[in-house]
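Quick heads-up: structures coming right below.
Next come two complexes built around subunit A: one with subunit B, the other with subunit C.
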Partner chain A sequence: MSKRPFLIPFLVPAILVAVIFLAALAEILQYSLREFIPGSLDVGGFTLDNFARIYRPVYFKAVINTFVLSLATAFFTLILSYPIAFALVRTKVEWVRTLLILLSITPLFTGEIVRTYAWMLVLGTNGFLNTMLLDIGVISEPVTFMYTRAGVVIALVQFAMPVMIIILATAISHINTDYEKAAANLGARPWTVITRVVIPLTMPGIISGFIVIFAWTMSAFATPQLIGGGKVLMISNAIYLQGFSALNFPFAATLSVIALISAFASLALMKLIANRLERQTAIH
Partner chain B sequence: MWRQTLFWVIVSCILFYMTIPAIVVVMTSFNPGEILSFPPNGFSLRWYEKALTYPDFRGAFRTGLIVALISSTLALVIGTSFAFLVVRYVFPGKNLLEGILSSPLIIPHFTTGFGFLLLGAHLNLNQTLTIIIMTHVVLVLPFVARAVYVSLLNIDPNFERSAANLGASPFMVLSRITVPLIIPGMAGGWLVASILSLTEFSASLYVTASRTQTLPVAMYNYIREYTDPTVAAVSALLIIATMLILMAANHFLGLRKILAIDSH
Partner chain C sequence: MKKLMIALGALAIALASTAASAQEKLIVSVWGGNWKDGAAIIAKEFTKRTGMEVEFITGGTLDRLAKAKVAKDNPESDVVYTTSHVGYLYQSDGLFEKLDKSKLSNFANLYPAADRGDYEVGVYSYVYSPVFRTDLMPKDFRITSWNDLWSDAVAGKLSMPDFDPSHIIVASSILAGGDAATWEKGVPLLEKLKPNIKAFYQSDATSQDLLKTGETPVQIMLSINAYHLIQNGVPITIEIPKEGAVVGIGALGINKGTKKLDAAQEFINVALDPVVQQEICDFHKCSPMNKDAKVSPELAKLPGIFTTPEQWSTQAIVTPDEVQAKLLPTWKAWFTENMMQ
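The block that comes next holds the complex of A and B.
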């Protein structure tokens, strides 16, 4: 009798899925090295020309744009999610807790399209926000939110918040409240307790939340596509444009390889910074 | 005291920002006119009627449901057995396999979708249900495996050991002891996987054709062509359905437990 009776039957399906997935990724790599034949979906011989093209300003700008938008989204998501996560963990009123969970988690499960469409209704020139602001008299002419980076970030932050709230709430729930009580007993003001005790103790959660949201935003597609409307170009939109408008699959594949490399590279960079930060906060 | 009040005012403002899109969608969906207006100048169900009878949405909903049911069930079987291996066995290449299978969490969905589009073309499965289901299994597998993994870590190994000592075969132990103990994790993982599959857009846009499009893809195509609030009606229905499912999940499984948030 084998000591690991289920090894083979349980391993085969997992390996099969992994092989299929790797094959799909290998196809992208293969296409990125092929010559594009205009007007045809067939590809030519092997070439490195596609990679030479990515230095053109428009693609370079898309990469930078993706990076900046992801950074901004992760930052604002963190700021807005922290109070919600704190309230969620610390409230003693059961219905408030249930309401907070339902309201903050539901957006996670409605999908990219529903959320993006909803924000188009809010941010449009004749949308909800402009109508409200005009009625109150804060503005005299509609503000342009659509087709701007600000509009894209406003929508992206809302999508990212549920995940950030879950990560932060987990971190906050692991704090031993005795530390806060001790600080307060020793005369620390509430604000000092928050900044000197609570936030440092949840630093691992803050860092991992920031990294997760950063990576997540790098793969945003529907929001920059519809709210950015071609004016805000992220890598995802450039790939779609090349693949489905220009039908240049080899170059779309090359941009996908770049997207993959930049996703992994920025994750590695952030992990490096995070490790340093964590070491510093651990010393204090 | 004023600090407490200020804190709850801030929390309410942030919650307002999080929920305003959903509120506006529901308001718009009942708007009688073609052109959106705030506040709505009446009440009408015409967009619901149009949404529910529009052939593209009906077909896409059916396709999406089939894809979600098959792929989340496949992911449940594959993910559960893989999580079992990860928790219980040591074997060569374990970390590598774990890394590959969880990488769809980091790899952008549009990249995965594009890869499967090219693979589908290669295998002559272009834009068929088979390739769509393969894509969705890869995308939702990490969520199921994670949920089951956590449940497996939480069971007391003594149950399995005593069953084995009393003469139960390994298969008996698995089917009578282990699986019943991890059913909540499996149910939660399956539920999350099917919702994610139903609402997946970026990868699906690449691997579907108009014949095989799923609901989010059909909605995207509609938004690009028309400006009337039909999509608002579909969205409102989806938001309400999601809330009801989450409320049920909260009641039966405990969202705080699924999400591992617990205060001390």
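The block that comes next holds the complex of A and C.
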């Protein structure tokens, strides 16, 4: 057995962080089971009433919204990011690569709030998109993008794309191009090469990217808050409203527990589907 | 080892000097940005009178409250500047000292609305009232009553805060013959208002954005934000409905366990001084609490600025802090579950 002199010094901070993290989670769980006292920051005795309240339509809808919007965001992010990642890896023209990197990755360096505000200017009734569509005669009345699920998804997709592009580009760069050349030599058309060779070979990257963006979007806050304008509630917005507006910390804690359970359940389900998909698309 | 000892010694001296300097200063907890600048007007006069420096610690309304609760008997600040109904939460959780009003020489000259009980005192007031973009609404559009928000002209054009629905809830209750305590009377009206609401805003910034961009040409808005937009050239009309506008009050309280109780009392007294009140209100565009404060004529004529007892009695809807603090969670829950979906 080899000696590992750095194991304990490295493990201690990790264990400390884990203990603090678990203690915080235990505190949230404890709060979720306590009675709320209006007009006080103190909480009452133990109760299950907070969990019964989850079934009220607005909170149930927030959980469903979170799942649906996360799924839609991950899907559209994947669809839009894949061609960019592919071009980024495969282009032989240096300036095109630089341009693609600049356009796709630079947004990572601006904050969520800045990007969301930019989208508010684009998607508004008198925003860039509506003005342009009106000017070129595509629409005769402004389209409502703000305060809709579609608007929230558009902003979330743009927010998530840089991360997805990085993950997909890494996966695509690991493909041996000889496979594609071999497929082409055997008569496969470019589209067939992409769908039958490239995509299956990048399936681990696709699945990782999808899961990362899905999980990331499940905790989205500022974008649905600002673009959704209170009309599109995700679970994090509902938690904020209860905790920081109503000062109902017990119910905010209950919603947090539900969010955590939903995230774990969704990710477990997704992993199950992903494993099956990976087995089916594997090239033998 | 010797170097380590020297470094630790230096650190101890630095920490001790920080602690010593903190002891010589009055620590005031306040919101950041503009609100801190307004509090600095009080601080300047306080330092001039007492020689004691003031240091501000800033944060949001609720995170400061949460920190005060965690610190409990060992408070981070000596004085808290907050909204009066949040002040009630400080006092109900034992986080405020009882005020010694005999030491507040300016207390006798205040409007009744400034008296927020034994633990806090109102410093200035503002209103939440309907405002609209004059260029985006019909020429003859006016809001003379809260009832006008239910009109067809407002359909799909209205925004209001999601963090505090008390204004529309109280106004609806008054329209239905009730008040804040009997808010359920306004529920049928509130439900009818839903089609007129286009969005809910979460902050002063998003409130102003919704109006500036014309996204929602009608809004229930904080008067101070409306004046700010007008100053920046946005064509806005602020209306004070005949039922009155819903008043909010900025209040001061003293942290329980402060070691500078006398200085804290004096800070509050300075805040209520007529000249300081005038400066604060000229700065924030708010209503003074001291009857002797002489605000500029330009400010006095703005809607929502109350400078006479008559204005207070006819144009102001004031909800008791206890009622607001205890009912706000219920209002918030009802509003989220019934209006925001």
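Observations, loosely collected:
By definition in this document, the second predicted complex is superposed on the first by the 270 of 284 C-alpha atoms of A that agree within 3 Å, B and C clash if a C-alpha of one lies under 4 Å from a C-alpha of the other, contacts with A are read in each partner's own complex, and residues count from 1 in each chain.
Methods note: a contact is a pair of C-beta atoms (placed from the backbone, for glycine too) under 8 Å apart; a residue touches a chain by one contact, two chains touch by 3 or more.
Quantities reported herein were computed from a predicted structural model and do not represent experimental measurements.
After superposition on subunit A, the partners subunit B and subunit C collide with one another. Once the two complexes are laid over each other on the shared chain, residue contacts for A:L267 go to subunit B alone; subunit C is not touched.
Contact with subunit C, but none with subunit B, is seen for A:P57 once the two complexes are overlaid on the shared chain. Residue contacts after overlaying the shared chain place A:L226 against subunit B and subunit C alike.
Within the superposed three-chain model, A:N126 lies in touch with subunit B and with subunit C [touch as defined at top].
In the superposed model, A:Y147 makes contact with subunit C only, not with subunit B. Applying the stated contact rule after C-alpha superposition, one finds that A:S40 touches subunit C and leaves subunit B untouched.
Contacts of A:A253 after superposition: subunit B is touched, whereas subunit C is not reached.
When the two complexes are overlaid on their common chain A, residue A:A169 makes contact with subunit B while staying clear of subunit C. More residues of subunit A lie in contact with B than with the other chain of the pair subunit B and subunit C. For the superposition on chain A, the stretches of subunit C under consideration are 206-214, 260-268 or 332-340; the one running into subunit B is 206-214. Shared contact residues of subunit A, touching subunit B in one structure and subunit C in the other: 120-121, 124, 126-127, 226. Chain contact summary for the complex, subunit B toward subunit A: residues 3, 7-8, 10-11, 14-15, 17-22, 24-25, 27-28, 35-38, 77-78, 81-82, 84-85, 89, 91, 97, 100-101, 103-104, 106-112, 114-116, 118-119, 122, 134, 137-138, 141, 170-171, 174, 195-196, 198-202, 205-206, 216, 219-220, 223, 231-232, 235, 238-239, 242-243, 245-247, 250, 255-256, 259-264.
The touching residues of subunit A, counted against subunit B in their complex, run 4-7, 9-11, 13-15, 17-18, 20-25, 27-28, 30-31, 80, 83-84, 87-90, 98, 100-107, 109-115, 117-122, 124, 126-128, 131-132, 158, 161, 166, 169-170, 173-174, 176-177, 190, 215, 218-219, 221-222, 226, 236, 239-240, 243, 249, 252-253, 256, 259-260, 263-264, 267. Subunit C contributes residues 62, 65-66, 69, 88-89, 92-93, 159, 162-164, 198-202, 206, 209-210, 213-215, 322, 325-330, 332-333, 336-338, 340-341 to its touches with subunit A in the complex.
The part of subunit A that touches subunit C in the complex is made up of residues 36, 38-42, 56-59, 61, 120-121, 124-127, 146-147, 225-226, 229-231, 233, 238, 241-242, 244-248, 251.
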